[in-house]
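Structures for review follow.
You will see two complexes here that share chain A, one where it goes with chain B and one where it goes with chain C.
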Partner chain A sequence: MNYNWNWKIFFEPNPMGTGTYLDMLLSGLALTIKTALLAWVIALAVGSIVGVLRTLPSRGAYWFGFCWVEFFRNMPLLVQLFLWFFVLPEMLPRAAGLWLKQLPNAPFWTAAIGVGLFMSARVAVQLQAGIGSLPRGQRMAATALGLTTVQGYRYVLLPMAFRIILPPLTSEFLNTIKNTAVAITIGLIELTGQARSMQEFSFQVFEAFTAATILYLLTNAIVVTAMRFLERYVAIPGYITGK
Partner chain B sequence: MIEISHVNKWYSPTFQVLTDCTTSVTKGEVVVVCGPSGSGKSTLIKCVNALEPFQSGEITVDGTKVHDPKTDLPKLRSRVGMVFQHFELFPHLKIIDNLCLAQTKVLGRPLDKAKTKGMQLLERVGLKEQAEKFPAQLSGGQQQRVAIARALAMDPIVMLFDEPTSALDPEMVSEVLDVMVDLAREGMTMMVVTHEMGFARKVANRVIFMDRGEIVEDAQKDDFFGKPRSDRAQKFLSKILSH
Partner chain C sequence: MKHFRNVGLALAATLVVSQAGAQELTGTLKNIKDTGAITLGFRDSSIPFSYLDDNQKPVGFAMDICYKIVDAVKKELKLDKLEVKLNPVTSATRIPLMANGTIDLECGSTTNNAERQKQVAFTNTHFLTASRYVFKKSSGLKSIEDLKGKTVVSTAGTTNIKQLTEANVAKGLGANIIPAKDHAEAFLMVETDRAVAFVMDDILLASLVAGSKAPGDYVISKDAFSKPEPYGIMLRKDDAPFKKVVDAATAALYTSGEGEKIYNKWFMEKVPPKGLNLNTPISAELKNEFAKPTDSPDPEAYK
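For the complex of A and B:
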């Protein structure tokens, strides 16, 4: 292989005039983190609501939750992003579609919301499993004390369910970060996107993607560590993984 | 205090769990419900505070109709204390917080008053020192005493016990029964599903014997233990009293 390694490339100025190639990658990382955080907030919020709906006695609520989950988890993420980015504006009335297309930062919002909704289906299923794993008597005890359904979830069921599903939720958070890379296809220049443009400008493909890999690994390592601390912080003395 | 009249409950069109159950508990009375497994005792007691729905018949508690859709069930339940077979303390809350949750959220008591009340009740069941521990750090007997204190914290007008000692190691049964005996002697209205015939002999006013979803015998304590009228009750008694 005739490849000209150049690890100093990162400190050379990039052709966009925005500093060095490293700066370029770091700005991509910042955008990845911003997109992932917003997507995760959406996934947690929507996923929690849908997950709770799937555990209510009401049939209507259950079916809504069922449809939501099956819609968002059974289509490839790539197709979903295309759907929101390219198809949705055409389906809307002309004025609304035009407004959508001209929205500033459209790739960012589409990616964050699209990845967020995709992940919400997975959060919902896990929360449903977490709530389902609690003894039936817990719900009864809350009810028997006079707590309303909302209070029962808020003070009794959800605090335990979320503790139980914390380890798999960590994985979902990591998946959210990694899934934002798909947004490169709708023009979001996040970390993977910046690595690709660095490769195109400098032809140093291995260096560019090595750096991107390391940045992804570091980010995820930080998330894993933070979640470990959180797990330990909320652990209940004497209970399963208690301290 | 509790009027149960002609209650029928089906789990499916062919599976009837309660058949034409009629009985009552007057103020200050202690009624023990016994019978073989699957006879519907637990189901009947759970119908009293509407933890289980029933299809026909009427139950009123202190003049409030349990089966009436207009009844404010959380409010009714907050006045009916319930103790479960598996304790059902909330594992993520400290003992004292288990006692305060419903006091503050359902009755709207200020936290300091709820805590004072909680500590008084913990002292009464002999567990004042455990207030800052978590449920998983307590023995079964201690947990069940906390569960009784939690129900009493709501100032209930009647207490329901659903096999409160069935999940306990033998040497812990008496510490729970002692608390219940004290409660009965203080004049608390109680409906108790239990196999503890010693408890029934000591404090019950009446004994109800159930079999296959029917109330087979509903008699004063002395009559029940002295000369049960039905064959089935006689057989049941001879089996559990013979050793």
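For the complex of A and C:
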């Protein structure tokens, strides 16, 4: 390999005049984390609602949940972001479309919402499985105690189900962080985007992507560790995830 | 390892004295001679430098120059047949593919600057581009000073927007600068009168104008935000024998006037696949450079 390694590149000033190359990558990391957090909040909130809908006795609710999940999980994430970003504004009335296009930070909001909805389908399926894994008697006992459906879910089913699906939810959270990298295609300059522009300016391609890899690994390691603590804290003694 | 090889070479040289004079080939040249093939890296959409035509065949100004280099290499190595392999590259893959030996020449629109020269080498400059702006004829702009207080657009994440921001402060223009997602969107802003001017590499502006609905409505400014920056064909660093052959080939091409002929074919006539005409006459700076070819990354060298 005829390659000029230069690990000191990170401490050299970047041509955008915003500090060093390292600062450039770190600002990308900050944007990645912001996007991932917002997307994850959306995924959890929407996914929980849709997941519950799929376990309700109502056929209409079930079908709505079914369509939601199949719509969002059967299309590549890249295509979904393109649809939200480029196609949706064209289908709205002209004024609304123009407003949408001129929103400040449009790539950030589109990415967070797009990734969030995509991940919501996965959260929904897991929550449905979590609720499904509970013994049937639990739901019946809740009803026998005179709890309404909402109360049954709130106090009996969901607290159990969420604890059971916590380990797979951890990997979904990690997936959310990694999936934000797709957003460079709609102009969000997050960590992968900054690594790309760093190699564009400096030509130190391997250093740029090594640094990006390490930053992704560190971020995900922190998330995994935090989730392990949470899992241990909320574990139900004697249950699958308990001790 | 290298040391041992040198000792071995020295031994071999003393043993076979009769063969003295036959130069030992090294690096890329040796590789080309051994394999009987040279690999050119091309871009898929750098119009008109290097892009795919309607038959999915790479064509363009830089490709034509590369084929001339291939002829020169063939002659230098006294080969009867030299196979030309084509390998697509993107801005992200061109460095790794060059470093690991997949491609021998990168034929595209890569800017030659001092920072990049730490990583790769460039042969003689084949194009010069400066940061200029495009505007509608009807807006009646005459110079950069006329942008005072107007809305100006440029593409986010480029050096052009950086130059524009600096000029805005230095010249006290007070222009309202808005970043656009990509070149097409920025041009659309001028087309729909949301901005009066779009600052970008002049050659990119020319291809946007040529591809627009009414090319006659637009003008590209004479005055520029930057000095002309050179584009060069990229080759591996620290491979002096190969660079010498390539430099000699391009120098011969440019000084003979053939370079300008190829230039006119791609910049003054209709080019495939859509029959666009960029209508960009050769600049005085590039004409000077063709007369005295150089691989300097310094914009000052091209006055």
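In this text, the second predicted complex is superposed on the first by the 240 of 243 C-alpha atoms of A that agree within 3 Å, B and C clash if a C-alpha of one lies under 4 Å from a C-alpha of the other, contacts with A are read in each partner's own complex, and residues count from 1 in each chain.
In this section, a contact is a pair of C-beta atoms (placed from the backbone, for glycine too) under 8 Å apart; a residue touches a chain by one contact, two chains touch by 3 or more.
Quick caveat, the model's predicted, so the values are computed rather than measured.
Upon superposition of the two complexes on chain A, no clash is found between chain B and chain C, which fit side by side.
When the two complexes are overlaid on their common chain A, residue A:P57 makes contact with neither chain B nor chain C.
Using the contact criterion defined above for the overlaid structures, shared-chain residue A:Y239 touches chain B, although it does not reach chain C. Of the two partner chains placed around the shared chain by superposition, chain C is the only one that A:G187 touches, whereas chain B remains out of contact.
By the touch criterion defined above, A:P104 lies against neither chain B nor chain C after alignment on the C-alpha atoms of chain A.
In the superposition on chain A, A:F206 makes contact with chain C only, while chain B stays out of contact range.
In the superposition on chain A, contact of A:P93 is made with neither chain B nor chain C.
Of the two partner chains placed by the overlay, only chain C lies in contact with A:Y3; chain B stays clear of it. For the overlaid pair of complexes, the smallest distance between C-alpha atoms of chain B and those of chain C rounds to 51 Å. Within the complex formed with chain A, the residues of chain C that make contact are 91-92, 95-96, 98-101, 115-116, 118-120, 156-157, 159, 162, 181-182, 236-239.
By the touch rule above, chain A contacts chain B in their complex via residues 135, 137-138, 140-148, 151, 155-156, 159-160, 163, 236-239, 242.
By the touch rule above, chain B contacts chain A in their complex via residues 46, 49, 51, 74-80, 82, 84-86, 88-92, 101-102, 105-107, 133-137, 150-151, 154.
Across the interface of their complex, chain C is touched by residues 1-4, 6, 15-17, 107, 186-187, 189, 196-197, 199-206 of chain A.
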